[in-house]
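To start, the structure under review is shown below, and the notes come after it.
First chain written, first letter: the chains are A, B and C, and each begins at residue 1.
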Amino acid sequence: MSAQPITARAALLEVHDLHVRFDLPNDRQLHAVQGVSLSLRRGELFGLVGESGCGKTTTILALMGLLPSSATVSGRIELEGQDLLAEGEASMRPHRWNDVAMVFQGAMNAFNPVKTVGSQLVEPMELHELAEGREAEARAGELLELVGIGKERASRFPHEFSGGMRQRAAIAMALACDPKILLADEPTTALDVMVQAQILELLTTLSHDLELTLVFVTHDLPVIAELCDRAAVMYAGEIVEEGSVETLYHDPRHPYTRLLFAAIPDAMGDKDVASIPGAPPRLDQEIVGCPFRPRCDVSFERCVTERPLPIWLSEQHRAACHRNDEVWAAAAP
Amino acid sequence: MRGADYIIKRTAFALITVFVAITLNFVLFRALPGDTIANLSKVPGATPQLRAELTEEFGLDQSKWQQYWIYLGQLAHLNLGVSFSSTEPVTSEVGRAVVNTVPMVLLGTVFSVVFGTITGVLAAWKRRTLLDHGSVSLALIFYSLPTHWLGLMLLLLTAGILPRGGRTDEFLFNPTFTEHMIDIGKHMLLPSLTLGLVLYGQYTLVTRSAMLETLGEDFILTARAKGMRDRTIVRRHAFRNAMLPIITLVALSFGYIVAGSILIETVFSWPGVGLLVSRSVQRRDWPVLQGAFLVLTISVVFFNYVADLLYFKLDPRITT
Amino acid sequence: MSTALESEPGVVAETSERRLRTAVWRLMKDRPSAVVGAIVLGLIVLLAIFAPLVAPHGIHDKIGPPFGRPADFKPLGLDDGGTDVLSLLIWGARISLIVGFAATLVAMLIGGTVGILAGYYGGSTDTVLMRITDYFLAIPDVPLMIVVAAIWGPSLSHIILVIGMLLWTSTARIVRAQVKSVRERVYVKRARALGAGDARIVFRHVLPQVAPLLVANTVLTIAVAIFDETALAFLGLSDPSKISWGKMIKNATESAAVSYGAWWAIVPPGVCVAIVILACTLIGSAMEDSLNPRLRVAHLAARGFRIGTEG
């Protein structure tokens, strides 16, 4: 384990102004990701939060270049200085699984049902020429043990695993090539609470032990609050606020973040569970002004016409809201 | 053993279906009211002695149930009666015909499976490109052409170049083995090709849709995320998985193959089971029709059974 | 769809009628080929209906010598009896289409009934009916059709019944699956709680939901039925007093049209059959696709994602 505090380490992955547009029929486009910028360091636990449709899954798919041909991606994705988007598929592919791996939403289906789980762990190792044959099989066994599955299960088929086991196996598979970054898309949805806790603990341990950068995508706030060091809140395809989880919880500077985190039921049951009325804006039309304004409780004239740009409030904290010179923590809804 | 249940169930089903077919055969040909066909001894031009023998053999003067029982016994001895037109035993006629049908159908089916699968895979892989649209259009057209009509078209097109029909050239005296083989080959080409083209359309469409379904599965995205090239994904994951629905749908086409072979053999006078069916229908040669029908039905049931077992072998998820 | 709305039978009917209309609209946008198919099919049906007005000659009118060439006897030449091929085509359309539609109707009635009974009552009724369906499916249909037609004797009604009796299995399966899923829906349970009888429930609630898929299946069955008629006719099992496209092909073959090179006696009827089958297949599968959308993302694209330049 490195003695360096996370914030002092060099950036591992830097995303600059990422845009993703999908072609729609009738010559229209869906602007799913609108200028996302991020910086990730080794070993950090980073959360990406937002309601469904906000673009978080599209963002992490873009990081691995796993978008269909109806997508146009622009911006820079720099992994240790190298731009992954420079030549599209060709510059992306060598880094897949090797450097950046992913645990998909609904990992139950990530496995091919007619092949053994073990063979699917071995596959990327042989593909990237890291190991083969006996050696690869042994390593697959080790990985399974690492996530708490007996290594004799490698010769079994996916349908013989329970949901929670398959999730863990998917994590083992993601680690097969010793990646630097693990993207986890809703890894605990559709699992029961006990299993959820196990998976979360597993991910935290792995991140610490292997110096693995974890990007945790979810709409489930308590999980972020518990697991992550830093998080970014996404809305309508852009990051509206980013900072340490502490800051987001205690000092949110964007109304959406405030309302979101206020909706977390307090352990004491003191706070109300507030859901935010209204719906996010359509992404196939250009947005004028602040995208959150229709649902915002503190908007004013400036919000109607001018789209807020992110403002750095401290070294690690930024938010995209016109009201950022005021302290909102005290303003109860 | 995995899925012992499944195997037993499928075997039982196959056997029962064969039994149903056998009984259906009897009911249709012997037990229906009206005496035009029921009387197997009505071999046209038969001597009274032959008639008496047949009546004795098939119990034609006894009740239907007893006849049924006798019928089952005879099937066990592969005795299917005597042809009305040739007075030969049905079993030997049908047996000869089967030997002729098999190579012709095999050639056509292999052709269509191979080309149909390849085209289907490519069309699914390069979806929405010209290759896809073109392949689908071509497949649809071939699928819509009536089998016998396609055969006639091919005859028209190759008039003079390829033989008009039959299996061998009657005027080829004492051919060497090679000459004989070439002769048969020339005669077999068009019938097999007709069958192949008609099935090709079906298999292309089937393979394509099975592949499209598979390519939309999550594990394909995982494979891509692992850094696999498209080509490898198609080969190693997509096709392997799509084989399952493909086998099912190929099995369903066996009935189509049988229907096709009846029509094709009639068009080309290819001396197989299909021609036997159409000739016996024409001549009202009921014993032969009965025998041919039974053979065709049992083969379809058998091949479906084989397909079931194959599917079971390939899909580890089946346990019951 | 809210369940409160669904308890009103009138609204259910409207919703499913709207569903059907939406399906048709989507069809027209996404699959122009299906629309073309429908138009062509419609034209052929019209031609058949108005045969007496449209056909230039009668089917028994001897215009010229056997196999008169198209160059001499426009537009399609003469068949082996010296009759105008075009007129035969138009008159033959009647029988071909009648057999196709009527046999399909028979198949739909049988299959629909079996499917509804099996799906609605479940249990042992279901098992028994499905076993029977399975056996019917397992036995190859064309040989059985041939045998029954041969024994029964060729007449129009016999042919229709024979074909229909072997085509009902796919309809039964689809209907059963649909009925099963509809049966569990809240508004059906509610209707039953209110005391509605089985028949009423089936007709007012279940059938409208089943209808769209049933229509798609029907169209596809018509294609098969028309093919089967051609096959039976080719083997001499069709009604000898009527002319159909299948019969035309048979007549041409028997009178050695191939040897004469009289392609005009063989090609046109086959083309007509192919067109109708193609049209039905296009329409039917387009309908099936729009009702059962398998709009999955194909994870493999011919090219990967594209790099853009705008910010």
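In this section, a residue touches a chain if its C-beta (ideal position, glycine included) is under 8 Å from a C-beta of that chain, and two chains touch if they have at least 3 such contacts.
Predicted, not measured: the structure shown is a model, and the values here were computed from it.
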| item | value |
| --- | --- |
| Distance in touch steps, counted as few as possible, from chain A out to chain C | 1 |
| Distance-to-centre winner among chains (Cα means, whole assembly as reference) | C |
| Taking each chain's C-alpha mean as its centre, the one farthest from chain B | A |
| Whole-Å separation of chain centres (CA-atom averages), chain A against chain C | 51 |
| Inter-centroid spacing, chain C versus chain B (mean Cα positions, whole Å) | 24 |
| Distance between the centres, which are taken as Cα means, of chain B and chain A, whole angstrom | 55 |
| Where chain C touches two or more other chains, by residue | 297-299, 302 |
| In chain B, residues with contacts to at least two other chains | 217, 221, 224 |
| Multi-chain contact residues (two or more partners), chain A | 66 |
| Chain C to chain A touching residues, read off their complex | 297-299, 301-311 |
| In the complex, chain B residues that touch chain C | 13, 16-17, 20-21, 24, 28-29, 32, 37, 124-129, 140-141, 143-150, 152-153, 155-156, 159, 164, 212-213, 215-217, 220-221, 224, 230, 233-234, 238, 254-255, 258-259, 262-263, 266-267, 277-278, 281-282, 284, 289-290, 292-293, 296-297, 300-301, 304 |
| Residues of chain A touching chain B in the complex | 64, 66, 93-98, 101-102, 104, 106, 109-115, 123-124, 127-128, 157, 159, 173 |
| Chain B-facing residues of chain C, complex | 134-135, 138-144, 146-148, 150-151, 223, 227, 230-231, 234-237, 249, 252-253, 258-259, 261, 263, 266-267, 269-270, 273-275, 277-278, 281-282, 294, 296-300, 302 |
| Touch list for chain B against partner chain A, complex | 217-219, 221-229, 237, 240-241, 244, 314-317 |
